[in-house]
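I've put the structures underneath this note.
Heads up, the next two complexes both have subunit A, just with different partners, subunit B and then subunit C.
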Partner chain A sequence: MIRLIINRIFATILVLIGVSFVVFAALHFSPGDVARTILGLGATEERVQALRQELGLDRPLLIQYWDWMMALLRGDLGRSISLGVPVSEVIFDKIWASLLLMGASFFLTVSFGLLFAALSGGYHRSLMDRLITLLMLLLASLPPFWLGIVLLIIFGLKLRIFPISGVGAMADDATLYVVAMHLILPAVTTAASSLAVVARVTRSAFIDEMGEPYVQSARARGLSQRRIISIETMRNVLPSFVTIAGLQIGFLFSSALFSEIVFNWPGIGLQLYLGIVQRDFPVVQGCVLAIAIVFVVGNLLADILSIALDPRRRG
Partner chain B sequence: MIKFNKENFHKVKNGFLSGFLAIALASLTITSPALAEKNTITIGIEADLARLDPHISTTWNTFKALLHMYEGFVAEDLLAENVETPPIVPSLAESWEISADKKTYTFKLREGVSFHDGEPWNAQAAKFNLDRMTNPDFEFHQPGSVGLLSWVWGDLESYKVVNDFTFEIKLKQPNAEFLRRLSAGGSGTPRMISPAAVRKYGNDGINTNPVGTGPFKFGEREVGVQTVLVKNSGYWDEKRVPKFERLILRGIPEVTTRELGLLTGELDMISTPSPDSLEYLEAQGMTMVKGPVSTIYPIWLNFREGPLKDVRVRRAMAMAIDREGMTKYLRRGTATPAYGILNYGGPGWDPEYRDFPYDPEGAKKLLAEAGYPDGFETRLDWTMGGGGDVNTRADAEWLQRDLGRIGIRAKIELFDNGTYWDMLAKGTREGTCCMQVSWGETGFFWLDLILPTTAQPPNGFNSGYYENPKMNELLASARATSSEAEMVKILHEIRDIVTDDVAFIPLYTPIQVYAMRPEVKGFVLAPQHWADYTSVYKE
Partner chain C sequence: MRLISILSNSKAYELLRTLQRDKSASTGLWLLIVFSIIVLFAPIIAPYGPNEAIPSLRLAPPGTPGHLLGLDHQGRDILSRIIHGTRLTVITAVTPVVIGALVALPLGLLAAWYERLGVLILRTMDVLFAFPMALLAILVTSSLGAGIINLLISLVIVLLPYYVRIVHQAAASQKALPYIEALRVSGTPVRTILFVELLPNVAPAAIVYGATVLGSIVVTAAGLSFLGLGVQPPLAEWGVMISEGRNVIFIAPHVAALPGAALTLFVIACNLLGDGIRDALDPRARATLSYQANLSK
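For the complex of A and B:
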């Protein structure tokens, strides 16, 4: 098992190096010119060329990448063009805000995903199963930017239960409660479609397990349906549940991008969006890299967990 | 039954007292947040601010904050009501003299003004700032400002400290717009930073520690969330002393979120609500303030694109477009048709001027005359819009329909705003007839970037390769005139030639909209891309 995990870690590092190159190259080849962005509209072509030279943008791509990578290893992500401050400073807080949002939505995804799966898969073809399946179908098909705005109109504007935007951390009366109130709607919006996917996949795992002989024998021994679902089959459902839940991390990121914009949640997604709009290449690079790292590391953890949970894969 | 004796009386009295005290305390805790709220104005704007160093600032949104923290020699009076162009008023200079040859400006500086950090404002501070903007050998030179501020300092010859409160600027040639350019803002603005602050925080540190002389001081900022400005109680201009303590600017790109924030009271004011929401917001009791802004949406025509080489084709395209219908039905009153390249609010703008009639039948004939009776195929390269734009895609669809009616079949391709500006800087690509961005200022310096042959890509934004050398001469002579009347005369000549050549098709002047809660009063909407928030208060 240890060897398998070490292999995974090596693979992860290789993936990260690949990702860093792709991020670097993609921005290098995308339309637009850093030097012109910095100098503004009135700059002459000579001045743009001079700045390109000064910034080293005229050197071969691989050499630029090497320098960028070396700086990256020192923790230097460059300087934001639009803000004039180091990128690491800009995105540090954003990462925490995003992790908070991701954590909350991941929690919703796994807890409600498993709950709904157990309730529908465990009682296959019951009315509850049908209702939950319908609800999951609905959640899976709602785009987050639409769902977010509808939730805002219902709970923010009509019912006035939750605030409209921001994280509330800078408010004078910032408490855990204030932040939590700001967090609920964006977290639900972000989690919705992933939750549905987790519930549906795990539901079929439950249905498969319910047909196994050991479940019949458990029933014959007089165990209650509740006990069979929550204890007997759960253990065998867990590996596939953990795998599908781990895969959701990536999807959560893309939904978080939308809910961060709709709810003005000051996370890495919103910063990425601002960076793209303002042509702030170093910020875009930093944000994409941060997202890639969390994504890859999240998948690594899910992998390790599912290896640990599944005796067949422990080797 | 309660016996009323001395002991009981004391109990009752104490009870009353403590009860009264409790009520008083409760009411205090109730009123104080309300009071704090009354003293805070939170404004939802279209995007978060960029860097806060005025000499290299970039976006129009950023200037909404900068104009409250920094000042220059002169300013545009954004509180003046019912004007087409904000008048130029003294700011850190009390008065000025212009020499007979219009080349030397002597500024008498205001005495007794200090920067937010206590540093005094004087001629030395002015020199420090000019050095920072224009002198490459200066210790604290800001290299980025040379390009960004070339429209201000392009004609600069020299400058010097005459005495503590007199400062002199010499130009190479007269510039009829020099004071306008000194007072303007936007991307890069010649406003004064505390020299002590530059020394303390370093050149880059000013981006996060802005220190000026304006009516608001920098409070705190959380990037991507909000920027808090605090009232400068020692501000010199009584007229602009803020009526509230804290100004909070929150960048909220999603327009629906801005509108919902206003409706729930999280925001006191928002800029640029969606045209589709105006009626709803008004019905909910919000106050709407609308007014034109010194901007124009012109279409760049590509002179290198086959059919468009013929002026008759360009004229036919212009005649095919129903500008009035567009502003009425598509923009729903948030725009008025624009005629001629000179923009509303800029020098020489004439409300009576008309360029091309709306005449699709005539356009068809003209097109046939030019040899295209069945029209041709082409493409519209369009942007999804920048800061203040809402749904410019619909504009392209409107054009597609109007051009289609005379047989010109156009595809639409959409790009994000950043990419779009890069494309414009590179020049209109092959196969594309038209591009469009919003532009226009209270001065005419932006025409220098789009009309002369010297501004063809990559050296400017004459992106349709409009080739008329006369433009170069006329623009230079308009700048070098010594009176406004003379300048306007030349600008009208420029406008008429551009119309005759059909180099651009002006579409409309946008009406900018601020929506605010009913208790918010005193806001004055200037015909500018930004507004002065000092006069706002809550009832």
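For the complex of A and C:
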């Protein structure tokens, strides 16, 4: 098991190097001159050239990448064009809001995903199973940017239960209650489709387990259906549940991006969007990199957890 | 394996019949047929042009006489824009799913045949896997610039790693079979083996994946347009319409809500059909079906 995990970690490091190159190259090959963008169209050609030299844009690509990478390892991601502060500061400032949103969404995804899966898969072909399956189809198909707007209209504008902007959640004097109220709508928006996918896949796992002989025997021993679902089969469903839940991290990131924008949630996703709108390349680069790193490391952790949970791979 | 033999024996007909028996899959199929008709005849069906504006009726609610779904912030008929928007929404989702498969097939086949090249190709795909789907699409479009063509390119790139991995898996399992060995021994040129013999046997796997992923690509495509990175206003596209409606949700929520409802319905249709195709071709799902059939005997 230890060797398997070390292999995984090694592979992850290689992937991260690849990721850094893609992020670097993507904005490098983008049409238009970065120096020109920074200085604006009014700048003279000499000033643009001078800035190109200062930024090292006139040197070979691989050398630029090396320098960028070395700076990156020191935690230096360059300076934001629009904000004038180091990008690392911007990211450090915003990442907590994003991690909070991700954490809450992930919690909703796994808890409700498992709950719905057990309620539908454990009672296969019941009315409840059918209703949950239908609900999951709807949740899986809702585009997050639209679901966010609809929730905003219903619960923010019409019913006025929840605040319509997430900014207040990060105020210094925000109490736990205030934070939670701000968090609910964005977290539900982010979690919806992942929750549905987790529920659907785990439901199949439950259905498979229900056909196993040990369940028959448990039933013969007179154990209740509830006990069979929540204790007997749960253990065997967990590995596939953890795997599918781990795979959702990526989708959660994608959805979180949209809900941050819709709910004005002051996280990395919103910052990335502002960076794109303002053509602030260092910020875009930094945000994409930060999200990719958290994503890759999250996948690694999910992988290790599922190795540890699966008796066949534990070795 | 089963999945491959079903389609390669040209039993698309059998697939269709299986889908027909599957109630939710046939619902999806019918919905998609209706959407296809709307795509083909949008200008005839739509009561107004997509950019025909009646400024005096700006933001009029649904039910306004002559305008079933109301009007948007520029006084354009929302129903007409939704109908016209079907075209771009379908095009921006289906095109990358098709082109992605066409690009991934040779890549996956080559990766399975030449092992060293395969390592290179698959490791590259692993790097692309490291980005959440929407993030990679955003990175590519913000680097290439907004617009429909760049949107399509970015979605193809987003799909590639998934497609290549699936084609590679299917091709690698075929490669070990005797018929390939026989072809190799008899001196058949590699390109004939790959593109004449192997291709028809791995293509179904790619097609099935394409069908199941269509729903998420629809959402991603519309999402990029929503962010201003894809289709640009004033073109009628659902993501663009939701984005425009977002500015007026305080006074006229229907402007953003209605195109999103159309989008959701379209995604539901894609997911229903995609799940149905996967279930019909997945041996495990079939096994459960026959197991249930045995129980009911």
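By our rule, the second predicted complex is superposed on the first by the 308 of 315 C-alpha atoms of A that agree within 3 Å, B and C clash if a C-alpha of one lies under 4 Å from a C-alpha of the other, contacts with A are read in each partner's own complex, and residues count from 1 in each chain.
We take it that contacts are C-beta pairs under 8 Å (C-beta built on N, C-alpha and C of every residue); 3 or more make two chains touch, one makes a residue touch a chain.
Quantities reported herein were computed from a predicted structural model and do not represent experimental measurements.
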Once the two structures are overlaid on subunit A, check if subunit B and subunit C clash or fit side by side. clash
After lining up the shared chain so the two structures overlap, which partner does A:39 touch, if you call subunit B first and subunit C second: first, second, both or neither? first
Contact-wise, after the overlay, does A:264 reach subunit B, subunit C, both or neither (first, second, both, neither)? first
Subunit B versus subunit C as contact partner of A:273, first or second or both or neither: both
Determine, under the contact definition given at the top, whether A:85 touches first (subunit B), second (subunit C), both, or neither. first
In the overlaid three-chain picture, which partner chain does A:14 touch, first (subunit B) or second (subunit C), both, or neither? second
Of the partners subunit B and subunit C, which touch A:207 in the superposed model: first, second, both, neither? second
For subunit A, what residues appear in both contact lists, the one with subunit B and the one with subunit C? 31-32, 149, 152-153, 157, 261-262, 273, 276-277
Given the complex with subunit C, which residues does subunit A contribute to the contact? 11, 14-16, 18-19, 21-23, 26-27, 29-32, 137-138, 140-146, 149-150, 152-153, 157, 207-208, 211, 250-251, 253-255, 257-258, 261-262, 272-273, 276-277, 284, 288, 291-292, 295-296
If you look only at subunit B, which of its residues touch subunit A in the complex? 36, 47-48, 50-51, 53, 56, 58-59, 144, 146-151, 187-188, 204, 207-208, 220, 222-226, 228, 250-254, 256-257, 260-261, 263-264, 266, 416-419, 422-423, 425, 449, 458-459, 461
What residues on subunit C touch subunit A, complex-wise? 24, 123-124, 126-135, 138-140, 142-145, 215, 219-220, 222-223, 226-229, 239, 242, 245-246, 249-250, 253, 256-257, 260, 263-264, 267-268, 270-272, 288, 291
Subunit B-facing residues of subunit A, complex: 31-33, 36-45, 47-48, 79, 82-85, 90, 93-94, 149, 152-153, 156-157, 160, 163-167, 169-170, 172, 261-264, 266, 270-271, 273-274, 276-279
